[in-house]
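Everything on this sheet refers to the single structure shown next.
Letters A, B, C and D mark the chains as written, and numbering starts fresh at 1 in each.
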Amino acid sequence: MPVIDKFTDDIGSVVAQIPDGATLAIGGFGYAGLPLTLCDALCEADRRDLTIVSNNIGGEDRGGGRLAREGRVRKFVGSFPIAPVFTEQLMTGRAEIELLPQGTMVERLRAAGAGIGAFYTATSVKTSLADGTYPSRYDADGHPVAFMAPKETREIDGRLMVLEYALHVDFAFVKAHRADRLGNLQFRLAARNFNPAVAMAAKVAIVETEEFVEVGDIEPDDVHLPGLFVDHVVLSEGAAR
Amino acid sequence: MPVIDKFTDDIGSVVAQIPDGATLAIGGFGYAGLPLTLCDALCEADRRDLTIVSNNIGGEDRGGGRLAREGRVRKFVGSFPIAPVFTEQLMTGRAEIELLPQGTMVERLRAAGAGIGAFYTATSVKTSLADGTYPSRYDADGHPVAFMAPKETREIDGRLMVLEYALHVDFAFVKAHRADRLGNLQFRLAARNFNPAVAMAAKVAIVETEEFVEVGDIEPDDVHLPGLFVDHVVLSEGAAR
Amino acid sequence: MSPAIGGEAAGLLAADGAGWSREGVAERARRDLRSGSFVNLGIGIPQLVADFVEPEAEIYIHSENGIIGAGPGAAEGEEDADIVDAGKRHITLVLGASTFDSALSFAIMRGGHLDYSLLGGMEVACNGDLANWAAPGRTPGVGGAMDLVQGAKEVWVLLLHRGKGGESKMRVRCELPLTGAGVTTRVYTDLGVFEPAGAAFRVIERAPGVTRALLEEATEAPLEWPEPDA
Amino acid sequence: MSPAIGGEAAGLLAADGAGWSREGVAERARRDLRSGSFVNLGIGIPQLVADFVEPEAEIYIHSENGIIGAGPGAAEGEEDADIVDAGKRHITLVLGASTFDSALSFAIMRGGHLDYSLLGGMEVACNGDLANWAAPGRTPGVGGAMDLVQGAKEVWVLLLHRGKGGESKMRVRCELPLTGAGVTTRVYTDLGVFEPAGAAFRVIERAPGVTRALLEEATEAPLEWPEPDA
């Protein structure tokens, strides 16, 4: 019996540790690298009031799209809120939004994982996402009642930039191509996308993998994310162990 | 004749574009990933008054060690200045130093390459590297006459941090395991170290490689640094094309 | 990312056949792309540019989700679930392509490593301001638009000169929420090629059949004509 | 990195055979490492800890230059030029090792992903301050020392209790330049195990043969004794 074995068949127990109201970051861009099995399990566990950090919500039927459709998302943090059901909840005061440029989102996640407290970027400077005019919450009649905080600015090297803080999350859902029991992960092509960053930013990183391999099967240079960032590994639905 | 061909046999011409007084970042940790061929060529081109950004200087006989020994380094920016000849120049007012924690150095290089103007880190907070007491320059008698600037601090999430700015460089010397004519690079094991960051931070990134391969020989997921970060590729001495 | 968001607004093509079609705008912009360059093609007319890039030109296309060397769409039945572009279409990779995570992908944009970023526009102003992400009555989504206008060596906006109602999209000041301030280096429309010059658009080229009068009527912002222009 | 820099200062072992040897300090610290943990071993006594980690414990060693799963030194003639540790020695990799660039390596440290960071020390203070990088009369080099004390879940300092002249390295306040302020969570010396408790070191354990009197004499800072201690 090895000391470290992050793999489990019991997806229910893994997902059970995520409480209502948790902050959860989800990897994936489109269906590429989207952890569908874990998102489904979370819906089946009937979790609600979630803060979801992901590039989009509702671009796909499953994943974050299902979470939104089932009304489980209290707050969305990301770049593309395109689920009509989420929009409706937003415009009737039942959900909130923090809209982020895509690159700022992933850099804030990386910063959280890398022990960087905050950073300056020119992205979003002099826009409504930085000047305190973008509504984060509406009342039941669709009137804005709260706004995203204005971002501090500073000129660096002659260029105006905004201050962006590290984005820490409680949990992350990650989709890998291959994983071993140490949690070493290998991704594949454009399915890598946000997956390393969400894992790094999370207190608890939960991975689903297409393939479960022996320790040593992934060459040292092919480990795209070392196991110390990973807490649990399950198999994607339909994948054979 | 392909449109993009960053490879050249003419190391002399590549190095000739580096003027006296240039700021040059060099990859490598120990001899692993150290671009020896390029450093030798720079010495042979007799360049002087260089600002060298690298983890150490003088830990090895060749590479930065040779540059220091031959008195070509006017300023060292890095974490380990261990060349006695550099120390002597420093203590007699002929060279300067900016001493950086190793992780801060690589993060500042990455920031430069990633369009991040500055960032906050807890590393070095409340130390002499952050409070303006560390000498950066001495007079001929070894008395400090200038000090590293004190670092701005800010409390983030209850933790005191210092502000660190992006570290841009004019040129970078990079050592790769494999390279193609597009400049796509693959590194090997612990020879990767600072090489991607120095390339990203540089206006002109010059690579030496152990092996020159055809476009497509490096799989998309094995390209550790895409070619758009790279300007020139030469073969390491002793490597066969 | 939905193609309906973060790109261009619907527009009006010159009725009398003067000027370029959408494809013509893309083709005209492509002519100015240097061979061997790295380029990101945003949603809208910029996506059409790919069709005019012959492989021999070695123009490598960056896709924000983590690709350099994005190729044509995948043939039916040959889609790879792990290869999609920024529009989430199944595409192919060209020889020499590389794939990486989103942090590096946006470092490439913000860090100034792309030669060109081509974007659609809802409005563009002669001071270089660009609005292309938030139109009235739509759920706002920003995607990578605000990142794409920061850092690339050239930021070109490709759009139709006028909206459906004939209103000019070439403005003194953008009325829609900005994507970036002062970021645009060149503008390609169905009526011509322009450069933001502060208080006016400098006319670089008129499209075939486009008169000076038509251009002045279709452009809200002042125009600055090159010396020898009639 | 030179082993002469960034590690411990030379020290005095108890003359009468009381207390642990340097190896003994390493072995004692190793007993407190959790199986299946990730640990960085700094220069000095911490390097010796690796010798007491049996493979079955699955304790993975992080090396700042971009390795998780650093293994024993390479046999002569089997050195791989691309596998060195933070001390630049040719080492091996264990099964399941991963290699990566320095930016990620330091993200691992600063980001709090290591379970333990074990460092040598020149001086450590009861407020948790550590000085281990700049001694008088040496060329100052800092390496990864200031990074290694930030972020790891536990920061343990392993050092000899007294310097060559008998002076205490367990101080009220460090006199040498700090590596980090208030960062130390535990201290292992040849005389015992301690925790910085603000105004005093809390005594966790005395090494064999070390009397309370010896400890009090050898420690500049006040000591806080556990309730039942004689």
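Operating definition for what follows: a contact is a pair of C-beta atoms (placed from the backbone, for glycine too) under 8 Å apart; a residue touches a chain by one contact, two chains touch by 3 or more.
In UniProt terms the chains read C, D = 3-oxoacid CoA-transferase subunit B.
Since the model is a prediction, treat every value here as computed from it, not as a measurement.
Path length between subunit C and subunit D in the chain contact graph, taken as the least number of steps between touching chains: 2. With A-C and B-C as the two chain pairs, more C-beta contacts join A-C.
Chain centres here are means of the Cα atoms, and by that rule the chain farthest away from subunit D is C. Inter-chain centre distance (subunit B to subunit D, centres taken as mean C-alpha positions): 29 Å.
The distance from the centre of subunit A to the centre of subunit D, with each centre set as the mean of the Cα atoms, comes to 36 Å.
In subunit B, the positions touching at least two other chains are 107, 110, 114-116, 121-123, 187-189, 192, 220-221, 224. Among all residues of subunit D, those that touch two or more other chains are 67, 93, 99-100, 103, 106, 109-110, 150-151. Interface note: chains touch in the pairs A-B, A-C, A-D, B-C, B-D. Taken in their complex, subunit D has these residues touching subunit A: 35-36, 38, 56-58, 60, 62, 67-69, 93, 95-100, 103, 106-114, 150-151. Per the touch definition, subunit C reaches subunit A in the complex via residues 1-2, 5, 63-67, 80-84, 88, 93, 99-103, 105-106, 109-110, 134, 139-147, 150-151, 177-181. Per the touch definition, subunit A reaches subunit B in the complex via residues 107, 111, 114-123, 154, 156-157, 159, 161, 165-166, 187-189, 192, 220-222, 224.
Chain contact summary for the complex, subunit A toward subunit D: residues 2-4, 110, 112-116, 180, 182, 184, 200, 215-216, 218, 220-221, 223, 226-229. Within the complex, the subunit A residues that touch subunit C are 29-33, 55-56, 59, 79-82, 84, 87, 99-104, 106-107, 109-110, 121-129, 134, 177, 187-197, 224.
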